[in-house]
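Encoded as structure tokens, the structure appears first; notes follow it.
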């Protein structure tokens, strides 16, 4: 978040021509990988994300297993070439945190009790990054879980809202993320109107935050619809 | 945290209490345990704060040293926040690589300081593109009895208020206090059953299904949030917590930071 | 790779097929699965290639940045090749330190590019002794269904053909394509029973006792070899593989790189 | 150890006014931590040290356990902000060595046979460092063990002696440690007059070494008395 | 491989006076270590190599064991002082690859079925390096295995050939390795005329490669004879 | 060192022998096993020594390279000592991160060289504040049959006596011998029952309850000590060991270093 002067909004349109409450274009492909039990490739603006699910499968190391339910693990990773300056391979502090909050964003909708002593592993690879990779990853992972046939209470849909040039906008692009005033990534179980991921960076009044959350609700609903359509298209004969 | 998992009986007991509007230690839902802060406890550090919230104790030390700026912020100082979950503080903290808990904790504390504007990074530039102040915020967890994040955040801002730029040591003039422009305070609520309580102690933290930390500024606005834990929150629950947190933060700020 | 170990029955079946001159998927012994290459798929990379060989998929990204030359090659650019066996790509790829497989794979891909003369390192010098181009060849394995090495090698040279020197970004003039002087192609044969087949899929790879990768250049000469696996090869078997590999590489080069 | 010219001793007094055989002020607090089974906070000159003891408890990993007695483990650590130049978190070679010799200094007085297949874990955190942290850590750990109710044959008491400006002195302060001629950290089971830790850096004649060891004996006795008093104060109604 | 102009071959002789198909002097000592089950010290030109074999012994960690045969492990390591510029201790990517190909070069001749659920560990230390360390290591390891009494189908013998100044030569020395046109390390089970290690760096025509392989065959035979003599000398009364 | 734990019977036997004034291999209590030192064995190293004490073998190599001085000792060279417990040397040495034994060993050897004044660090300055000699003392343990510390220490000083400053390689003039100003020798005693013996072999080391290493200089003074192991020593026992060690060191110095 910085104070660099950019005219983010002109005549109700953003730098890329979007309206304030408009998502970037989204493309979803289901079941694209051979080895994984479930997978999803998703593009969202300039983000390109691959998610894969393995499981339910045996837990290694054994001492991590839970006798009453499946454990869920998640690894968010950025490919070295996904960002402007090459990223060193391997986890850094940022990706460890995102792996954790992504897992916690997804876990509530998984019916873990069906698979005691087993693991459900979610892998998210960011192949090209353009602001909003964590929410894109959660969206893809949610579809990949469905593709893997993991029993779920619904889907998780995620997007970021934020404050840019004084306005609350949906789905921040790179410049808005870098130079905007606040960034609020949110994930929801849309069918039950429940928030599963909530983070906030930057500065907002309480009122602005409410607006941001309401806008995210709208965005998540739209994404949910696209996720559902992609799954239907895949699984309808 | 396997060893920290409390018995189902204890958990049920806490949930039943909360359901009835009560807490183990008799506190109101929005009431903190006793808080104390002691500054200037580490003379090798440029600033320090020893914070106790009930049984939870953290020691925050600020070290300030000259270093190179990042290539894309040549005229700004650097903040580096680290949390050590010393095995001294809990039977479940093990030696070794920092766990995701420690990393999340450090990053939330860091964002609170950074995003609130508490430190003006441009004031920490010594020579543009060449030398800036590196501000290390090191949180040493000494005793873990729940709600680390509020203790660590409070310790961080309090230690910064206590800190001096060590100009003399580097022949840059006289030592001056670090300029602190805002006073972010983190307040954490946890969900137990369908209720929300502030400042959970360890047992309550174990019994909770999820938590939400809200960091707010002097002007009452928000400077950061972090949901943690694998349960959901409705939008209304979130608004409720935000309101409760901002109000409580105001009291804490007045009492301990102003 | 314990979980990848196919059942003895499956293995016997594949061996019996090969013994009869057949393959599971109907291919001739020297026939590859369908190959496709897509370039320019990662806009943050200076060059990229998404390669599919049957069910195997790799994404290769080239990042090019200025850096310091090595002390003993002051006037030469630097190539750094890395392979990530993402756990996304196989149930047997685990998170953590790179395994010896990933390291061997990266080093063979690297030697193919380096020893073939595909990149003229002296053309990658910006200022002798001070600044040269660092060319990072990062291979991300996306789906592992056998014969990674041929896919990774093909992706590496294809991504280099797609790559530009980012002169503008570093105020060094206009972007220009990376000069690629040769087109090394890796072809891998595995030994099943006493027979040799090219481009093994995962099951065939598991059933094989050893493998030999042969990297050849535009002029039909050899630019690298690597035997891998704990079985032996007679000199005549090696000559047979080399011949088969060079011929196949020529076809692949014409079809995908020229 | 360096040859920098400092007048360490003038009229029998040291830089901080102490006599040659005088300890720096010591402050001991017993049982200060909630979670640990035993704990001790100690100040000794400018050193501030916290020690905690956990155990007897289960051994992880299991293959380390001993069927006949408890195993003792010790971790000495310096907080990043405890020294002039910030220390990178995590163990370095120095702290690994000190952890080892501290453990071996403490182990002889623990009656390990009482707790087969279990572990006694000692954690020492240096919060502020001012020469003599290892001996301060051992002193605190010894009290923390008693506070944890671990059966012991006695207490371990430790201090350093050294040679400074040609004199053998007790309990080196920072300047004496940096620019003195020799440093001899010693730990003793005072009641049995046995040495449990002995290291020496720098140069001493055999005679000087004897003087140094005798002086340490005196210092350890004084510290023992203070440790004992602190424990009595804590546990007397 | 570089294009630096050196006159490698003059009047059929190389920089060190060797003929094109001549090995550097080799010295083999069998059973030189006390603790290892088998060991071999070998000098080959300027290379000084120690190899040790431990096993068959229990497998740790247990999950690596094979119920039907012994597992073979191999660690190739260069001492910090073995090369011109000090090498940082510990494995790097090069040594990980060489450890793998060395293991695979040796494994085919070991009769692993004799020792189910056990491990045979091979350790190779390069004490002084002078081009051809991997083949020297394999030669030494092969003798150490025999010295350890591990049942084998034969011996593995290894050497490099390469192209230097337009000629195919045997057993590259440092300058030939650095500035020559190609390098082909090869290991063979000489008695059965089978190749167990084959790598190639640089550029060769198919014909040149055949010449190189034939020359390596000759070199391996000579080395095999020396290995055999060393073992006979050791084990003949 | 679990596998190294000798049987209780063996241990009792050794203790009983020592009690009677005898040792397994017939040595007197203060008698070393045969010692041999070979210098100049590694031509890539600036100095080297291959030391055998009975069955124990260590190879010490000295590498000397220019580098930057530490900020607080701008006019002094740098000594870096490292010990590798190669898995070649013992069934109990595993691959991986250095164990506390290796670290302690390296640090004691290092202090012996450093504190004795054997190397005058100010003579290792090339250009104050800019460039100094970095002296790497690398101890490779080849065969572990007890008393590593004496072997490693002896190897370190002997290799330094063998070492040259590689001035020519860095265009700083002619190579000259490294100036060695003192000859520290480490002598280690172990306690078995109530007795003390020097130079324990592996079995004796296993049977011992604690050990004390005493490093002494040419002038007979002490230059370092390290007690190791979880048993106690009385002051008188310590004085006894010190005396025995200094006397023995004098003989070893005369025989192997002067």
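Points to keep in mind about this one:
Chains: A, B, C, D, E and F, in written order; residue numbering restarts at 1 for each.
Operating definition for what follows: a contact is a pair of C-beta atoms (placed from the backbone, for glycine too) under 8 Å apart; a residue touches a chain by one contact, two chains touch by 3 or more.
This structure is a prediction, so every number in the text was calculated from the model and none was measured.
Considering every other chain in turn, the ones in contact with both chain C and chain F prove to be E. Traced through touching neighbours, the fewest hops from chain D to chain E number 2.
Relative to chain D, the chain whose mean Cα position lies farthest away is C.
Note that among the pairs B-D, D-F or E-F, D-F reproduces the A-B interface, with over half of its contact pairs the same by residue number. For chain E, the chain with the farthest CA centroid is B. Note: centroid distance chain A to chain C, computed from Cα atoms, is 32 Å. Per-chain Cα centroids separate chain C from chain E by 26 Å.
With centres set at the average Cα position, the gap from chain B to chain C is 48 Å. In terms of their C-alpha centroids, the spacing between chain C and chain D amounts to 58 Å.
Looking at chain C, no residue sits in touch with two or more other chains.
In terms of inter-chain touching, the protein chains here make up one closed cycle, each touching precisely two others. The ring sequence of chains is given as A, C, E, F, D, B, with chain A as the starting point and chain C next. Chain contact summary for the complex, chain E toward chain F: residues 33-36, 39, 46, 48, 50-52, 54, 57, 75, 77, 79-86, 89, 121, 123, 125, 127-129. The residues of chain C lying in touch with chain A in their complex are 41-45, 48, 55, 57, 59, 61-63, 65, 82, 84, 86-91, 95, 136, 138, 140, 142-145.
Every residue of chain D that touches chain F in the complex is listed here, in rising order: 1, 72, 93-94, 96-97, 99-101, 103-104, 107-108, 184, 189, 192-206, 209-210, 213-214, 217. Partner chain D is touched in their complex by these residues of chain F: 100, 103-104, 106-107, 111, 115-117, 210, 212, 217, 220-235, 238-239, 242-243, 246.
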